[in-house]
Amino acid sequence: MKTLTFLARQAPFGSSSAKACLDMVLASAVFEQQVNYVFMDDGVWQLVRGHAPEGIGAKNVMAALQALELYGVEHIYALEESLTERQLTQAHLQIPVRLCSRAELSALVQSSDVVTAL
Amino acid sequence: MSTLHIVSTSPFDSNALLSALKTASQDDAILLIQNGVYAAIEAPHMSVMMALAPSGLRMYALAEDVDARALHGLTQHITKIGYSDFVTLVCEHHNSVSWN
Amino acid sequence: MIISVMVTGSPVSQQAAQSALSFCEAALCAGHQIYRVFFYEDAVYVGSALSVSPQDERNLNAAWSEFVQRHQLDAVICVASALKRGILNNSEATRYQKPAANLEAGFELSGLGQWVDACLNSDRVVSFGA
Amino acid sequence: MIISVMVTGSPVSQQAAQSALSFCEAALCAGHQIYRVFFYEDAVYVGSALSVSPQDERNLNAAWSEFVQRHQLDAVICVASALKRGILNNSEATRYQKPAANLEAGFELSGLGQWVDACLNSDRVVSFGA
Amino acid sequence: MKTLTFLARQAPFGSSSAKACLDMVLASAVFEQQVNYVFMDDGVWQLVRGHAPEGIGAKNVMAALQALELYGVEHIYALEESLTERQLTQAHLQIPVRLCSRAELSALVQSSDVVTAL
Amino acid sequence: MSTLHIVSTSPFDSNALLSALKTASQDDAILLIQNGVYAAIEAPHMSVMMALAPSGLRMYALAEDVDARALHGLTQHITKIGYSDFVTLVCEHHNSVSWN
């Protein structure tokens, strides 16, 4: 088993990156690897509760975050600094996440076998 | 002769908004669309950036993009408008610049 | 008013082509005339007839094709951008000895002159990028 | 070492696919083994057989195709990314009743599982984005 | 005759934007319109003398800047603020340009019929 | 256990370098490629950003990308390397992160 860490860094709807990262996380979970899913920079916007993208012709792709636990993805982090910069708190988020500091992120990255930032 | 500045990228990861604000004249307007709407939140980082705008500059954010992203508590200086108002803004201004 | 629209962003990985379509719909709805829609750079992928969307997702290429045909709009895809990206009509496929063409119905391949012409003949030009 | 490479950027409008190719060439040159190259998101356009470059410009799609065939590399194009973007092999074209296929020689369409498999079987994985 | 203004804002080789903007400028010149070509933000890197992109498999697209005069494109500007931020001076540039201030840029934008930022 | 951080976008228009610098540990390395190489110039704006790096962090810039862009006068903290050294760096580090 390897440790695969994903850094979700882009906002949810302006580009396809958020969905691309989520699909990689789910595929890794299907292969029963150790997955870390970290939301940072504009990626923390992906976690926000209440997305309603019908008006922009998009699917609510981030609704699948709710299914992460079913897939066995349990190590979900948000970089505290990124939330703070955007005036976001846990109360704004649609799933519970562990807040992590820069130092914790650094350690997580260093201890992973493969790190993918999308 | 006034210009509509359309900003479509996140102010946290692009200098598009900054360039638009510094280039805008006071009778111009700014319209935030796509990930540009994140500039409409109340946050210290955004206030600092918005302070670079010429005084009196009108600011709008596209409702469809704001709602998609579930943004709440927009700063009061920014008016939420729909696509029909977007078209009206384009017509009311002499030209437009799209900052990506 | 007479309005032209330029689109430069990729239809699958960026939002520009969706925003542009909504804008064009609203412009027609308000009684304006669309002189031309010009697809440039990665936006030329809008003209691919081979794209297949997941069943629960909207196919933006199909939506654009349907829209320009229903309103009989002049929808021009920049030929230089298109050739580099493998979007070909029958005559380009033949000219370059490629095995297939893939240009969606409703679109025409032409040069940047069509964009300049749109600028000259429109009251407003709006661009949709990233 | 055993190395795998992922590419996510568009071959025409971004530099990622060029950087990735130079990296792969250097890796082979240094005696390393390339387990797989995985094309994801806009990088799947590398697999278009219909692209035509201006005579004085390098065709990166052709260069990649030639490279993977010469070294018999496992070059996988993400099928989900490819379908949305209109990059089809014969069987997908038939399945979705599309008029043509356009997948370049040397590439195979497959799922994200191939990327996870590459992560498990490689000593190093390097990504090339924007 | 209309006034078409182009704001070249991206670096020359990482994306195709610089070339796309140049092609639009040349097409506009062929139609004998009044063209303003403004280099600003990372776009000022396009003007730098000595590009050698052979090592990255690219053509020296910006060599065509030399031909702008032949096409009748004479209003070429660089935003002074953007040059300064990047420690660039006229001596680094491959063609002579007019330096412009933010206020001059604003006036140029407002007085144009069509403005394209690429 | 150390990480190679590969930064490919311009520091003037993207927060990729900033994120990489803040995430890097002191035994990591940064490699600038593509438009990321613009971070290698001597400029006040860049010095401020680079000061966020942990002390001792090694910094490299890819020669092919530097030369393509005709960058001169790189800051002395950054070493110019070629693709073969890029491959060596990948092998020498436990993993890599590509910041776009």
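Going by the order they are written in, the chains are A, B, C, D, E and F; count residues from 1 in each one.
Rule of thumb we're sticking to: a contact is a pair of C-beta atoms (placed from the backbone, for glycine too) under 8 Å apart; a residue touches a chain by one contact, two chains touch by 3 or more.
These numbers come from a predicted model, not from an experiment.
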Subunit C and subunit B - chains in contact with each: A, E
Contact pairs, highest-scoring chain pair: C-D
Centroid-based (C-alpha) most distant chain relative to subunit D: B
Chain located farthest away, centre of subunit E as origin (C-alpha): A
Distance between the centres, which are taken as Cα means, of subunit E and subunit A, whole angstrom: 39
Whole-Å separation of chain centres (CA-atom averages), subunit C against subunit D: 26
Computed distance of Cα centres, subunit F from subunit A, in Å: 25
For subunit C, residues that touch 2 or more chains besides their own: 8, 12-13, 15, 19, 22, 41, 80, 125, 127, 129-130
Residues of subunit B engaged with two or more neighbouring chains: 8-9, 12-13, 15, 34-35, 64, 95-96, 98, 100
Multi-chain contact sites of subunit E, meaning residues that touch two or more partners: 13-17, 41, 56, 58, 113-114, 116-117
Pairs of chains, among all present, that meet the touch criterion: A-B, A-C, A-D, A-F, B-C, B-E, B-F, C-D, C-E, D-E, D-F, E-F
Contact set on subunit D toward subunit F in their complex: 1, 3, 8-9, 15-16, 19, 22-23, 25-27, 29-30, 32, 123-130
Residues of subunit E touching subunit F in the complex: 10-15, 41-42, 45, 48-56, 58, 85-87
Complex interface listing, subunit C residues touching subunit A: 12-15, 18-19, 21-22, 56-58, 60, 63, 130
Interface residues, subunit E side, partner subunit D - complex: 13-17, 56-59
Complex interface listing, subunit F residues touching subunit E: 8-10, 12-13, 34-35, 38, 41-43, 45, 63-65, 67-70, 73
